[in-house]
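Please read the structure below before turning to the comments.
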Amino acid sequence: MSRYAPIFWLVIFLTVPLWLKDQYFLHVLIITGIFIIAAMSLNLLLGFTGQLSLGHIAFFGIGAYASSLTSVGFDVELFGVVRVVHKPWPAVAGLIIGTALAGFCGFLIGKLSFKVRGAYFIIVTLSFAEVTRLVALNWVELTQGPMAINNVPPFTVGLPGLGYVALWNKAYYYYLVLFIAILAYILIARLVGSRIGRAMVALKENESLAVSIGIDVTRYLILGAVVSAALAGAAGSLYAHYVKIIDPDVFHFMYTVTMIIMVITGGKGTLAGPIVGGLIFGFLPVAVRSFASPEVQWMIYGVFMIIIVFVLPQGIVPAVTQWIESFRSRPPNDTGPALASLATSRKED
Amino acid sequence: MGQASTNKQALSLEHVSVNFGGLRAIADVSFEVQDGEVVGLIGPNGAGKTTAFNLITGFVRAFAGNILYHGTQLNGLRPHEIAALGLVRTFQRTSVFPNNTVFENALIGLHRRGRSTLWDTILALPRERTSEKELADEAWDILRTVGLDMRASEPAGSLPYGEQRLVGVALALAAKPSMLLLDEPVSGMNASETVKFMKLIEAIRARGMTILLVEHDMRMVMGVSDRVVVLNHGQIIAEGTPAVVQRNPEVVQAYLGRGAARA
Amino acid sequence: MLEIRDLVCSYGKVMALKGVSLSVAKGQLVALIGANGAGKTTTLRAISGLLKPRSGQITFNGHDITQAPARKVLSLGIACCPEGRRVFPHLTVKENLEMGCYLRTNRVEITKDMDKIFEQFPRLAERRAQEAGTLSGGEQQMLAIGRALMSRPTLVLFDEPSLGLAPNLVERTFEIIKNIRDLGTTVLMVEQNALAALEMCDHAYLLESGSLALEGSGRQLLDDPHVREAYLGG
Amino acid sequence: AAQSTIKIGMVQPLTGAFAAAGTDVVNGAKIAVDEINAKGGVIGEKLELVIEDTKSNPTEAASVTEKLVVRDKVTVLMGASSSTATLAVMPKLMEYKVPMLVETSSSSKITTAGNPYIFRIAPPSEVEAAVFAKIVNKIGIKKADFLVVNNDWGRGTADEFTKVLKEKGISVGLVERMDQGAQDMNAQLTKLKGSGADTLFVTTAVEQLSLVLKQAAALGFNVRIITTGGSQNPDQLITNVGKAADGSWHLAFFAPWAPDATPSPAATKAFVAEWNKRGLPYGSLTSSFRGYDGIRAIAEAIKIAGKAEPEAIREAFWKVNILGLNGPIKFEKDGPKGQESGQSMPNVYLVKIENGKVVVPKI
Amino acid sequence: MAEFLQHLVNALVLGGTYALLGIGLTLIFGIMRIVNFTHGELFAFGAYFVYLFAMLLGFNFFIAFAIAVVGGCLLGAAIEFILLRPLRGADIETTMLVTIGAWIIMQNTELLVWGGVAKAITTPFPETPLVIGAISVSPLRVFVLVIALVLIGGTYALIHRTKLGMGMRATFQDSETAELMGLNIRGIYTATFSIGSGLAAAAGALLGPVFLAAPTMGDLASLKAFAIVILGGLGNITGATIGGFLLAIIEELGAGYISSGYRDAMGFLIIIAVLLVKPTGLFARAERIG
């Protein structure tokens, strides 16, 4: 069953627009999907390299802004000397540039994380996000500041000669998000299931020991940060072109919190964790909305979070995995971070 | 019990000093280790032995002096770069990846041996699979060498102390060092286990590995070392074959104590 | 003085002790030896109240301390010098010693005891104001022993006190432990250095994978062929 | 069988940073709905508010709009308080072709974006500035500074007022900004104190205004403070800061403390009476009237349309012409041709606080 | 010059409460290693406590202040007891998530109870500022600074000069061994969290009257408190105190002389810069490897 589980879920997700007629649900699913991509990227950093970034939304926002500006165009004067004018490019170019720029910022933060770890890293990332937010807010000439960039164009897809379709339609957009999500999943799965993933876990668990056997800290932390940031940037780009407006509120701390909730309740350091956590916390607000007043909705949200942590401190996915394993009455195998890397060893014994 | 045959210099420290704030933990120390040699580094607690290890493996910076390994200057290199030169250490405190299985520990240790590149991994190219297969095979080899193959699927952190030390050694061996620095490998082992461990050391050295050993168990040090260097207060107070050093009155006074004869 | 009956302890599913009974008489130095993972540390943890036994009973001077919290155990007069030193890394040497007598209040007496410790371990006196985490392994071990003595216990539990010590210090440490016994404090000591432990103890127990395998005087165990084979290196 | 109702979607911030403003608007709207329903409703049907919380967050605003239109099948909306939330909602209006009445947002982008489903009763900053231009010479300003909240509203106000002042030949000195949640404005005030201007325009929500007045007083900063924006309630300022509010001037859109100065005194009195009866905070009146006026405009549009259908209501909005608490509500075209949004031109009052009382100065 | 001095005085007064927030959090975040998001909420609760007792129930302002501090301690103890105690030994992210949950619940409780409109608190202090030359400062703010300094001094003494303080430090370095030394470590955990929370509530109770009590006032306070703790080095009370004043000075001068729009950015930029140069904060200590 477990081997076919991904295929089963893939089929479900692929057919959603066919049987889900409620446009509102589809909308929620798209937004949730975008945040799941962001949560998956955070999970790479938090669950595998062990670096808790409280500023992950910065990469998301940078991706969103870069992508919007690429496709909307801008005209700024730098330091009162150089004037930079950019004519609008297609939205897809925005996606690429947004991803790349976010990845580059990830590189810078990764460089930094070589120097600061743990609690200090948490605050550096938090500060970084605040600084980007304040720049977006105050550099009005470029970002329009609090006035927001609106009319962000939708993505267009198509082939030269066959014409192009703008993705106004929700179902199309859903498939775009799903496609990127699958790519992200595969990328992360390949990374963590390899030598690289083991190196990351080793650094997380005991850094001195890891470097003493020749693992290059900088390289893997930076690699993790770059991939993670780039994916978050891609999610940000998807977001901007979907909601069609972007303002400095996109850097709000609550978004980072949302991603962290998704990752940890789902199970950090597991591939499926952010997806499960993301779906739950993407739809929870929708579910409670129907019967509770706004403040109470939030309280239910908070209480639910605490309950999950209390009942399943490892997260939902590890708990379920353990349960299934015990069900099969096999000796309890480790469900730890480098689960994927066990694949080879199981075949041996 | 020497078989220090080749006389090629492996590691050499030249007038090295290390300071911690006002404290001079290593003071103008010079010594050499030849290829294939087993050198014991002993001295009272706080003499600076672990600090010397930290220094050689790049965890602390030298305040003065030069460290060379096969002619390469180690000063300023980062720990993983030094490990890449073939110089790998174990730690005085138990050091394993506790949440990973013993097998995974070995795989992690084999990190530098993987041949696949980032692109191989991301695109799932064939080289990735062959490389992973080779690593798994080697991991089994190493576990058999240190005698932990029966424990392969247990989380390293749940093993008893003594076996965790073996995992530490396995990790170090996996990095395929040309020189191994062992910091008190048998502390916490009983006499019989120590004897077993000495056999392991012999097996390792038979493969041509150079070893620098810090240990307070005199039976072990005197039994396996070709040469012994004695540190006290960050300075070398004696150097020579185990037999000579053991009789050095200064060493007896500062380190061995009256019961030295028993060792 | 200390009486343990049918002690069973487990970590999750792992059974670490499978019914151990032993006793320590007043004024004795009792050694507990055994291979790695035999359950020695577990026994000490159960006595000192850090681990709640599954079943069995521990009594000390007539008090049942099977389920007592560590605080209670300590106040009855049992101090423990834990495995792996476990000094407080960011407290100074002096503060670490003060932690050893946290439950005591008489400042004068405390100062006197501390001076005594410094006398025994001049190295610690030198480093009185240094953070314990920066001490070398051996220095930390001395500190841990000193700290255990600061509570003026009637029974001290030592878990591998010689671990990581230089030979001369090992001797010193064993002397100190003997000395402690001679001054009237009862000692229960776990040691890997079976030879030394058996030579100095009044009574010894051998633990093998969670059960008692042998007991007797130190001499008796030293002469036992199984012990010689497995623990003294032939 | 339950009587069928006409559903009006309310997209408002009820939690988060703008919770206070959103809650006020909803409360005002409820009074209007109750009043209309008591009289038998509109076109024979009762009105029903479907209220959704934006959590003070633009994404959420877009989401709940989707929900209101798709799930609840509302035919007209009112929202979404902050300008960015409104801007985020706007594409949804185009997508589903549902009109929305904008009661609070002031960004000029809203009506110029070419969205024909937008009808706004709140005055954008340039309208406020234009009204102010008529009286500026009478109050005698030589040099003015600005202290504005760092969002579209504050920045927009600073820009528009600067334009007007410069046209009148008045020099403009510093433009200082404060973050939305900031509580300590001493740094900005200290700097402004040194600038030598005689008038300080302050634009922000009532909480921050209170802090500015209090801190200016504590710094011994005696400058004529004129607040803009219309949501600030001078009464609340008096409660919050006491004497420190004396001598400050305020541009208001609604004057509950002087019902007779409002366009329809009877309506104002009735609204204030009902508000007090419900035990709602007096200080909130100056924002809650927006909700009240908004619902009345929507009801009127439905009445004119004769049916509760989005497209018909949109058409009908252009024909609305009623007297709200804040002057006539009548929409004029704004924005690109063929895609115009509606903008109503409300009243603006200048009041002053003297000896702990709100007075309408004679100028 | 007068302007510069006025900026410095402003910073000094603000710095006192920043420092108070910082040392409260350094106990919890720096020593207990709990990324505590309820800190800002306790700050807000402090302000609302004063509002409730002084304004609604008519207590004397100073008594209301004392009640707020005690209330903050009790609330902190309750949070620790109910939410954190069962999670002892869990990793830093797990406990963080629980405090985030608590933060959301607390903030919305405030919103439900008090509504979104900010509340003003009046005090017995005269409104007229004290004027010294070109500098003026309100008497209330002087009071705030003095009380803040007293509380900071008291906390320092508690942690570094008392046996309980030593017990606290020991517990968070190695709780099991501390237990072995006879400490009631559960009690120590609760006490430490409670004291840290009480300090946050004190900061809120002091600033509530200076500013206003609002449900979201805690959010920025939380962020700043984290920044201060890091600036000063984890668990370092002196560091947090200096960090608090430093942050206030940077913000004040940054807003005064560079750009008020970037006021909050200054503080965060400085943090990034400091950590780049000195990765363990300004007042770091060495760790030993191997």
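Observations, loosely collected:
So that you can tell them apart, the chains are marked A, B, C, D and E in the order they are listed, and the count of residues begins at 1 in each.
Everything that follows uses one rule, which is that a contact is a pair of C-beta atoms (placed from the backbone, for glycine too) under 8 Å apart; a residue touches a chain by one contact, two chains touch by 3 or more.
On a predicted model such as this, the values are computed, not experimentally measured, just so you know.
The fewest steps needed to get from chain B to chain D, moving only between touching chains, is 2. Ranking all chains by how far their C-alpha centres lie from the centre of chain C, first place goes to D.
Averaging Cα atoms per chain gives one point for each, and the point farthest from that of chain B is the centre of D.
Rounded to whole angstrom units, the spacing between the C-alpha centres of chain B and chain E is 47. Rounded to whole angstrom units, the spacing between the C-alpha centres of chain D and chain E is 36. The distance from the centre of chain A to the centre of chain E, with each centre set as the mean of the Cα atoms, comes to 32 Å. Chain C and chain D have Cα centroids lying 75 Å from one another. Across the assembly, chain D contributes 15, 150, 177 as residues in contact with two or more other chains. Residues of chain E found to touch two or more other chains are 108, 111, 219, 261, 264, 286, 289-290. Counting partner chains per residue, chain B shows two or more touched chains at residues 20, 50, 59, 91-93. On the side of chain A, the complex with chain D involves touching residues 22-24, 27-28, 31, 137-138, 140, 145-148, 150-151, 168, 239, 243-245, 247, 249, 252, 254, 286, 289, 293-295, 297-298. Interface residues of chain E, counted against chain C in their complex, comprise 163, 166-167, 169-170, 173-174, 176-184, 285-288.
Across the interface of their complex, chain A is touched by residues 29-30, 33, 35, 83, 86-87, 90, 92-94, 96-98, 100-105, 107-109, 111-112, 219, 223, 226-227, 229-230, 234, 259, 261-262, 264-265, 268-269, 271-272, 275-276, 279-281, 289-290 of chain E.
On the side of chain D, the complex with chain E involves touching residues 15-17, 19-23, 150, 176-179, 181-184, 186-188, 190-191, 193-194, 207, 210-211, 217-220, 236, 239-244, 281, 283-284.
Chain C meets chain B in the complex at residues 14, 33, 35-37, 84, 123, 134-139, 141-142, 160, 163-172, 192-195, 229-234.
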